[in-house]
Amino acid sequence: MLLNFDRLGWWKLVLIGITLLTTAFLLLPILFIAALSFGSSQWLIFPPPAWTLRWYQELLEDPRWLDSAWTSFRIAIIVTVLSVLLGLVTSFGLNRGRFLFREALKALFLTPMILPVVVLAVALYAFFLQIGLNGTLTGFVISHLVLALPFSILSITNALEGFDKSIEDAAVLCGASPFEAKIRVTLPAISHGVFSAAIFSFLTSWDEVVVAIFMASPTLQTLPVKVWSTLRQDLTPVVAAASTLLILLTVLLMVLVAIVRKGLKS
Amino acid sequence: MVSQTETGSGRPYSPAQVRRLTDFDLTLPALGLLILFFVLPVAMLLTRSVTEPVPGLGNYAELLGSSTYLRIFANTFIVSGLVTLVSLLIGFPVAWALAIMPNRAASIVFAILLLSMWTNLLARTYAWMVLLQRTGVINKMLLGMGLIDTPLPLVNNLTGVTIGMTYIMLPFIILPLYGVIRKIDPAILQAAALCGANRWQSLVRVLLPLAMPGMAAGALMVFVMSLGYFVTPALLGGTSNMMLAELIAQFVQSLVNWGMGGAAALVLLVVTLALYAVQLRFFGTNRMGGR
Amino acid sequence: MKRILVLAATAATIATAMPATAADLVFTSWGGTTQDAQKIAWAEKFTEKTGINVLQDGPTDYGKLKAMVEANAVTWDVVDVEGDYAAQAGKKGLLEKLDFSVIDKSKLDPRFVTDYSVGSFYYSFVIGCNKDAVDACPKTWADLFDTQKFPGMRAFYKWSAPGVIEAALLADGVSADQLYPLDLDRAFKKLDTIKSDIIWWSGGAQSQQLLASAEAPFGSVWNGRMTALAQSGINVETSWEQNITAADALVVPKGAKNKEAAMQFIALATSAEAQADLAKITGYAPINLDSPKMMDPELAKTLPDAQTASQVNADMNYWAENRDAIGERWYAWQAK
């Protein structure tokens, strides 16, 4: 009866109450930041004396914000493409291979995910100082790729595990080359995994802040670094405006994911 | 990699043979990337902890012998433990409710959960910075309702870090726990009821034990992720709430002391990997993630 | 699959091969309204005059600077640092010697000139207060350290730097001419008495936000930030009683890529006109002795220059010598 919603009695109210409160807790900062971005107080006094669009105007007129958003986007796209491609190749190897140390290798591939990012950030910062990659697009792409790859491998191997390989073998028996069979039979079947890999890779790079703080240079700043340094120096409501736009982007992305998921299912 | 000649007619090898030769090769590009830009840099950093400024274990002696640093280690564990505990206390009832709620209501909660998870980390932290101030909305509301007379110190202290990090960690505990509770057969609980167990007994002796693997796995994951957190404690904590990750950053960024930075990194690394090994050993899952 | 990988690799190479223009000068400062002002008063004028584009970076980070110099990968050309740091870093070999055939030091306040640095601007730690938020404003350092007479949170500068320790000693009754060498034990003991009532600010903008929102209705802040707060319409009061001066300095990191342009930039930034322009926007004081003449006398009155009566000069040489030791103790105390 504890798992039957209608027979919980007053416990049901308690559970619903906690869930509602938690939902409110989860929504609070998101809604608040949106409200704050329209407030007129330069010093984040809330509720504000008046409402304004001034911060959005400042945001859109400041080329530094747009530049950093563009930088982040470019890096995230490159990382996504590379991470999905590498993830695909690696996952096929891990899933199909029967070689020694396969499990150990798999664990190694996933380690960047559990390693505290600050350790990787500091290590790469030191390494890149020596080989001159700090503050370059290549440096950002490499470090974000290291962070994104585990998510990609995890999503795609999971999908591959759920895929019946005999279908691919059947295609090969029918005359397709192994490569052709993978592209035309297996890939469509695991497309949801590939799609998750792409989304996770993109978000990993787009949101990444710790490595980026160490690696950023005057000529190359990602959006999270811009937000971070603004937070530490200015505290201007422009940050709230930027955050609100980011939240909006998240909502759009979620809708997109929902649509694609539906499309993949049917 | 499958080369062109092997795809022609009159295949000299059986598909299985070709694959056996090439599967490991497929993992080589990623392996190369990881060794060059992950294993090597981390190893180099850790090496510096025993070579700089002079060879030896001096950095570790200083790190583990100073009350300031020990306090930071203790802090890191206290904050992570607290965050894990609060996340569990909130996460369990929510996951439970989600598992048995009508689908439509549950999907709304899920959407909000995902939205909060996917919203830019800095945006969320920034919101809490402003919300939790003495003159922030929460204190104003509490004052307005007459619940408190003077504003509560909610930010730049342990409270602020705990709230901000619990916010981030909640989805990581709710989602796996939801999966576990979902898989429990309601018939088992019905059986418990038939045998005369009241609700408390069913909860404590049936549901909780059945959900325990999920709770333990989720808790361990949140704990490990919290240990290495940097951004949130730096923005929401006070000067006396410094955590290990921040200390590492400070060693490297402000003090340019690579030796101490490497030593602190090793400590964090060892603890994390040890707990990761426990996770793999007992729960056999790789579902860990973090920033 | 090979072909796809090659394609991807090519795409990545093309996308990443975008070098920054080498001739750009990189100026690094502390961000916020001060750096905006430096951009207008100095950088834009400099670009106009020389055609060299100036990139703004920030915030200044001594660790980054040292790491850059050590790795010989210096991306900053001119850096705005604290005066005591400049004195110390020069001795440690982290900075280029300034070229005084390009920079005219005859008109610069000699308090702020060394072989490796010239003043950037100078400022005072003053007692700022939001008049709307409290019944009475603290006037002296002793007031600011008196939680009985002035209950509430107070804002203090977070980092180890000249200012807070001096304030604690002055509040404890040490006379201004007896400050140095600093009695650290006494200072920390005094600071202990208000520790739980302090909110630390890590950047100028944060100090403004704390005062404006009355998060901390009063505190020790840079005078220029008070000028800016008043201009934004907040009802503030500034007490200059025993204001503690310290200066920022302009330096060139060792191995800077555009050394010559950096010297030209510093020459322009310290010229009487550029210094006067910066002072007009920021409310900080010019380090060029000819600048005050070029300013509106009304405005000149609000500068630390006009507040010398009870002024206390932080001893940059003392700080340069003891910076690391004080810093270590400071952060250990804070972390307690």
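Chains here go by letter, A, B and C, matching the order in which they are written, and residues are numbered from 1 within each.
The rule is short, and it goes like this: a contact is a pair of C-beta atoms (placed from the backbone, for glycine too) under 8 Å apart; a residue touches a chain by one contact, two chains touch by 3 or more.
Every value quoted in this text rests on a predicted model; they were computed, and no experiment measured them.
J.: If you tally contacting C-beta pairs, which comes out ahead, B-C or A-C? Let me know.
T.: Pair with the higher count of C-beta contacts: A-C.
J.: Hey, which chain ends up farthest from chain B, C-alpha centres compared?
T.: That would be chain C.
J.: Where the CA atoms of chain A average out and where those of chain B average out, how many Å apart are those spots?
T.: About 15 Å separates the centre of chain A from that of chain B.
J.: Give, as an integer number of Å, the spacing between the C-alpha centres of chain C and chain B.
T.: Measuring from centre to centre gives 37 Å for this pair.
J.: Could you list which residues of chain C touch at least two other chains?
T.: Within chain C, the residues that touch at least two other chains are 1, 5, 67, 213.
J.: Where in chain B do residues touch two or more of the other chains?
T.: 2, 29, 135, 252-253
J.: Residues of chain A touching 2+ other chains?
T.: As it turns out, chain A has residues touching two or more other chains at 44-45, 89, 179.
J.: Applying the document's contact rule, which stretches of chain C touch chain A when the two form their complex?
T.: Residues 1, 4-5, 8, 11-12, 15-16, 18, 20, 24, 26, 28, 30-32, 55-59, 67, 71, 73, 75-76, 202-206, 208-209, 212-213, 232, 234.
J.: Give the list of chain A residues in touch with chain C in this complex.
T.: Residue positions touching the partner: 41-45, 74, 78, 81-82, 85, 89, 129-130, 132, 134-138, 141, 179, 217-220, 229-230, 232-236.
J.: Under the stated contact criterion, what part of chain B meets chain A in this complex?
T.: Result: residues 2, 6-7, 15, 18-20, 22-27, 29-31, 33-34, 37-38, 40-42, 44-45, 48, 90, 93-94, 96-102, 109, 111-116, 118-124, 126-131, 135-137, 167, 170, 181, 184, 186, 189-190, 193, 199, 202-203, 206-207, 224, 227-231, 235, 245, 248-249, 252-253, 258, 261, 265, 268-269, 272-273, 276, 280, 286, 288-291 of chain B touch chain A.
J.: Please name which positions on chain B make contact with chain C in the complex.
T.: 1-2, 29, 68, 71-72, 133-135, 156, 238-240, 242, 252-256
J.: Under the definition above, what is the set of chain A residues touching chain B in their complex?
T.: 1-5, 8-9, 11, 14-16, 18-19, 22-23, 25-30, 32-33, 36, 44-47, 86-87, 89-90, 92-94, 96-99, 105-127, 142-143, 145-146, 149, 151, 153-154, 169, 172, 177-180, 203, 207-210, 214, 224, 227-228, 231, 239-240, 242-244, 246-247, 250-251, 253-254
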